[in-house]
Amino acid sequence: MLELQSVVVDIAGAPVLRDVSLTLPRGGCVALIGRNGAGKTTALRAMMGLLPLRGGRVLIEGKDATAVPAHHRARLGVGYAPEERRLFGVFTVRQNLLLPAEVLGLAKSEIGRRLDAIFTLLPELATLADRRAAGLSGGQGKMVALGRALMVGTRAVLLDEPFQGLAPVLAQRYAAALRELQASFPDVALLVTESNPQLLTSLVDTTYVIERGEITQDGAFAAQG
Amino acid sequence: MTALLEARGLRLAFGGVKAADGIDLAVMRAEFLAIIGPNGAGKTTFINMVTGYLRPQGGTITYEGAEITGRRPREIVRRGIARSFQLPQLFSEHTVEENAALAIAARQGIWSPFVPLLRPAWRDEARELLDRFGLLPLATRRADALNEGTRKLADIAMAVALKPRLLLMDEPTSGVSASEKMAVVETLARVLREAGVTAVFVEHDMDVVARFADRVAVWSQGRIVALGPPAQILADPVVQREVIGIERHA
Amino acid sequence: MGNWFTENGPLLGLALLDGIASAALIFMVAVGLNLVFGVLRVLNVAHGSLFAIGAYAAASVGFFAASAGLPAWASLPALLFAAMLVGLVLGPLIERLLLRRIYDEEPVLQLLVTFALFMILEDAQKLVWGVQPVSFSTPVSLMGTVDVPFGTDVIPYNTYQVILLPAVAVVTLVGLAIFLRRTLTGRVILAVTMDREAATAMGIDARKVFLLTFTFGAMLAALGGALSTPTSSLVPGIGASTIVLSFAVVATAGLGQIEGAALTALMIGIGRSIAVTFYPELEVVVPYIIMVAVLLVRPQGLFGVVETRRV
Amino acid sequence: PVQRPSELKIGVTTFLSGPASVFGVPGRNAAEMLAEEINREGGIGGVPVRLFFVDEAPGIDHLVGEFRRLVQNERVDVMFASISSGSCLACTPLGEELRKVTVLWDCGTQRIFEERRYQYAFRTQANATPEILAPLLYLMKTKPDFRTVAVLNQDYAWGRDSWEIWKTAMDALKPGTRVVAELFPRFGATDFSAEVTRLLALRPDVILSTSWGGELDTFIRQAAERRLFERSTFVLPLAESSLERVGRSLPAGHIVGSRGDHWHQHPRPANPQALQRFVENYRRRADAYPIYPTYHMAQAFSALRAAHAKAMQANGGNWPSDAQLAAAFPGLEFDSPTSRMRIREDGQGLEPQLIGTTVHTDRFPFAVMDKMVIFPPDLVTTPAGQNSVAWLRTLTPDMVNRVPDPISAAG
Amino acid sequence: MTLRRIELLLALLGAGALVLAAMTTPWLKFVLTIALAKGIAVLGIMLLLRAGQVSFGHALYVALGAYAVAFLAPVLPDAALLLPAAALTTAVVGTLIGLFVSRYREIFFGMLNLALSMVFYSMLEKFYHYTKGTDGIRVPPLTVAGLELDRVTHEWTIFGIALALALGFGAFARVYLASPMGQALTAIKTRETRLDFMGVSARSVLLAAYVLSATMAGCAGALIAMATRHVTPLLSYWTASGELVFIAILGGAGGVLGPFLGAVTYELVRVYAAATVADMWQMILGAVLLLVILFARGGIWGLLALRLQRRGAA
């Protein structure tokens, strides 16, 4: 579904990703783990087209998407929950969730269906729906960002440390919810970065370890976990 | 032990949301108090009220016997209360080292226009501090070029640089990778203990709580629902169900 | 006090009427600037030039329409047409060639780009329309006057100023408010305003939104100019004096706040006309006094924006 | 002895941008036209002239810098300085310090020669005092029964100064006249609706406005649309420069001045052919009737030519030095397009003033003047060595009797 | 050699070049005096720019300094006394206004400054009887430290004072910016809340810089008044403030040399633009600025520093 091929990214002249290749298969669930500063966020941003590549390619559905502008990737069914939440403060939680789907031009009924699905999956969001996003707590914001990514991620969902700052009980519930999601939509591919790999053990089928911008371990690591 | 900080009946609501609904809490001198609780329970709000970012709608806060309710952050910091942030607050155009040096300068007085910020004494102190947090290799990196986890550490380092007597930390370990977390907290705890600093920290990682907290306060919907030593609290079935979840790893 | 009112009530009424008329124009001029500032965070100094060019273009189009034998009523749509033309031609040109290159730079650089542009356009405008005052007042003459009773006397007012301008302003205000709040495009614009990168990740083409907004803002600037054409003579320098006033409105209103701009314009318009009637010496400083007074009470402007909490 | 140069260089400061360029640019057009004419006829004293223009708009520091550059670097022979009085007040002493003949070609402030004596500075036109006193006298002669006056002037030095002159003179000549409103809208204002409303409500007998340019045009139009002209008599001392532009918006029966005695329909020009040639040439060049700054520019050139000839003569036919040229100005007589002028010993030019009442005719698509009075300079100019305001206070009502009779346009 | 050393060297070289230019071309002496004065004012603007704040009203202080000289000159006709008097006046007014505006940020800060300068501008017009409105006030010939000077010596003296002040303020600004107080300015720009939670009053930090910048602008105004010998309200018009910001960007806000490089370039471009096309100088200046912004983001100083660093590295 989504693939990075020998991707090289420099930020401010310094190499941040060096020759990173990873594959997110259709319906797969891939974890990208690594220490702080290893390059996880950067890898996700590269997939989303939010920063320029110095080398390598991004493939979506097997097609070269390196030159596809960032805003088009969402249209290809890729949802993204950034690490620092980045909600639209003056909108309500509901409006935040709806916006990407509306931008895609989905039918009203379809949007409603998806919103209901998300509210069932993440019931906390339903109670927050009419609050302004500006006032949310750290964890609440994280949940909304997750929900927003799920609204459009019909093919792939990229989650940057989705459980960071969540109370453990919630983190576990959400991990379970993601599992459910995959069960009911077997086509959706999940990519989760995490600096705390314990949470992911039961969820993922492939794990890539990234270190100083290089993939040091893949696949094999999953067997260990 | 005497109470260093005492909150009585703190109340604060945002519209209909009660973020603090009668908080009573006494923080003892030199203890490490952990705050846990579901998201949106009002943990950050409590820290914000103590440090003067938010003014409570009711109740009082006393620090070292003096009331500090509703005072401005600046005054509160000068009394020896420092904090770190859930979302790191760094000076993005300064290097990590300069960030730390600014905090040191803030402690020692910044009103000297004739000596550079990175004067030897301050630079040495900054570097020593950064070293403890494993940040020394990044000392000359600009803060906006840091990844999230590192930002978090730098943020805590800046609060520590103020040499407070009471340090409030908002999720100090969230975003810090699992492999580094324990080592960092270990060092932090040592530094604080050595200096006799009282610490209040919001935490979602129960391993950290179990290992470092002297007492744990459990927050829920703007109230403290349980308070006690970690062994007792973490074993409490209600707390387990509401906060910790069943799958806690040993 | 009561006495003062019975004595001066009628005068106050006249001042209100004048105030509303001038507020309408102030609003039309400032609202585009406010919109562009709200979305692009660029304080567009060249807004003044667009205003001036819109005004001159309206006169030219008006004269052209007259010389082409079109009836006098055609002068009204001609104003609108001129404004659209200026906005549609200059807006995209400026956004594409200049602003686009510097969105990632410090705000002050962006401001300076528009300042430089302002200087260039100021001279360019002289090249095209010369320095002699230009005026085109057909619409005002066309619409005639309405007589407002004043004691035993009547005071004639221009229908154009006391009826058409306020009507256009109200339509613009309501239209913009509905557009921004109720339509998807409006929400998309707001989303880009708040967080460009997040919006991009949600599938929004931020560049297109910028282009659209700037063009729209340019059209509003030009429309403000075009609407002012029938009542005033155009000379070099009208852009410069417009821009300061618009800036004051933006700061008083709060960033990008359309309703704020309307309320501010109303306060300034009425404040000025009351000053003219009772304390003429104060007229010049009225906008600034209002601004300082508002900011003393509300440091974020009349309608401050909701700040996302960071702490 | 000074070498005869290959060119006679003239620096001209004028408004080339901003609102005052409505005067500055016609001034420059006239200067270029005149320079060409002079050069076609062999130049001044056999030397062709060359012009250097400086924009006054950017401010005094720029202007003073350019003035120095022209004098010290371009080595101009003479400076024609300034439209705005601020510029004049800055340039005149500088010209004196640099010992360079400075011809004040279009600045109105009476302060210059009343506050200080200059050896190198001369004004080749009148100043604010006669320019405002004449319309007042005209009003008193033609419509003597007014009791209330309102003023609407631009809020800057000229607007304030001219009102002070009017008020002082009015208090002396027609004591008891009531001032019902003093309106000073912002310089550069584009809307006078509130002011017009105020004036409509007050119904003063006379409305004075010394505004000019776009603001005067706007004021006239807005007042006309709202029938203010039907309620009050307007006195517009600078309206000659707006007549063509405002067309028939300016109704008949109001008082108009021209900052001097020049007008393309001057009833009795000293040299009708010269005036007509000037007007036609200018119209060919600029596609508009000449307005007062163009005549003032012509006066400056004419004075320079006359002074040069006089200085050469005094110097035995040799090229004059700066000091010799300066010495030729006091008492100099020269032709303006409409009359013959003189420069007083204190440097002030003596220029007649032409005031008239508007009429509409079939010949022009705009209002023209009728019932014109040409005021002799001696009647309306402050005597040398006196302060204008002090002098105006000494005037007496019988002065009106000395005003010449009006000349009608037809005659 | 480090960039800081080079900066010093360049400053001295630049000063030498200015003196040389003024010696060879007398009329340039005046233009350069004005440029140095404006550079000093821009230096103040730059301090505020460090805090991310753009003042659109600093011409207020330039005008205030200039009018202080114009008003005091008849009673105190000595440059050596007038300059401190003007500095003091602007410092006091700067403190009063600073106490108010230092509460505001970004557009509100910028526009409040603009508003106050426009109010001052209208006051200069309104109090016509004291200020003579747009006509302005003539500054009488001044003595310098008691000495009566002829025109040329006087011009040289003012030029010298301007140069000395420029060097002095430049050196001071450099030290100031490296100090905690100066660095805290940048902190205001990037994360003001953090400053508060470190116990530092961002407002006081900004206020200090504001007063300093007002004083610099005041000295600049005093120099301009002494050089042009005529002051008008136009000095405080908003376009004059815009010009100062314009020069700051043109020169580059990266180093203390920037403002002076910017000011000299600005004045020279303007003079030459005006000399070639008297009525299109705005267009030329605007085009130059556009080119600088689009192709040399760091301004002239940024361009220069980059060159020097490259050479240093090679």
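Every chain is named by a letter (A, B, C, D and E) in the order it is written, and numbering of its residues begins at 1.
Everything that follows uses one rule, which is that a residue touches a chain if its C-beta (ideal position, glycine included) is under 8 Å from a C-beta of that chain, and two chains touch if they have at least 3 such contacts.
Just so we're on the same page, UniProt names per chain: A = ATP-binding cassette domain-containing protein; B = ABC transporter ATP-binding protein; C, E = Branched-chain amino acid ABC transporter permease.
Since this is a predicted model, take the numbers as computed values, not measurements.
Novice: Figure out the least number of contact steps between chain B and chain D, where 1 means they touch directly.
Specialist: So the least number of steps between the two chains is 2.
Novice: What's the overlap between the neighbours of chain C and those of chain D?
Specialist: In this structure, the chains that contact chain D and also chain C are E.
Novice: Quick check: more C-beta contact pairs in A-B or B-C?
Specialist: Counting C-beta pairs in contact, A-B comes out ahead.
Novice: Compute the distance, rounded to whole Å, between the mean C-alpha positions of chain A and chain D.
Specialist: 76
Novice: With chain centres taken as the means of their Cα atoms, state the distance from chain C to chain E in Å.
Specialist: Taking the mean C-alpha position of each chain, the two centres sit 32 Å apart.
Novice: For chain A and chain E, let me know how many angstrom lie between their CA-based centres, rounded off.
Specialist: Whole-Å distance between the two chain centres: 51.
Novice: Nearest whole angstrom, what separates the Cα centre of chain A from the Cα centre of chain C?
Specialist: Chain A and chain C have C-alpha centres separated by 43 Å.
Novice: What are the residues of chain E that contact at least two other chains?
Specialist: If we look for residues of chain E contacting two or more partner chains, we find 122, 125-126, 193, 279, 282.
Novice: When you check chain A against every other chain, which residues touch at least two of them?
Specialist: Residues 135-136 of chain A each touch two or more of the other chains.
Novice: Which residues of chain B are in contact with two or more other chains?
Specialist: 44, 53, 86-87, 89, in rising order.
Novice: Give the pairs of chains that touch; include all such pairs.
Specialist: Touching chain pairs, listed by label, are A-B, A-C, B-C, B-E, C-D, C-E, D-E.
Novice: Considering only the defined contacts, which chain B positions touch chain A in the complex?
Specialist: 14, 17, 36-40, 44, 86-87, 145-150, 153, 171, 174-180, 204-206, 241-249
Novice: How about chain E: which of its residues touch chain C in the complex?
Specialist: 49, 54, 56, 103-104, 106-108, 110-112, 114-116, 118-119, 122, 125-126, 193, 238-239, 242, 245-246, 249, 279-280, 282-283, 285-287, 289-290, 293-294, 297
Novice: Of all residues in chain B, which touch chain E in the complex?
Specialist: Residue positions touching the partner: 51, 53, 72-74, 77-78, 82-83, 89-94, 98, 101-103, 105-107, 110-117, 158, 162.
Novice: Inside the complex, what are the residues of chain C that reach chain D?
Specialist: Of all residues in chain C, those touching chain D are 11, 14-15, 17-19, 21-22, 25, 122-123, 126, 130-133, 135, 137, 140-141, 145, 150, 153, 155-158, 161, 228, 231-238, 241, 272-273, 276-277, 280-281, 283-284.
Novice: Under the stated contact criterion, what part of chain A meets chain C in this complex?
Specialist: Of all residues in chain A, those touching chain C are 48, 50, 69-75, 80, 82, 86-91, 95, 99-100, 102-104, 132-136, 148, 152.
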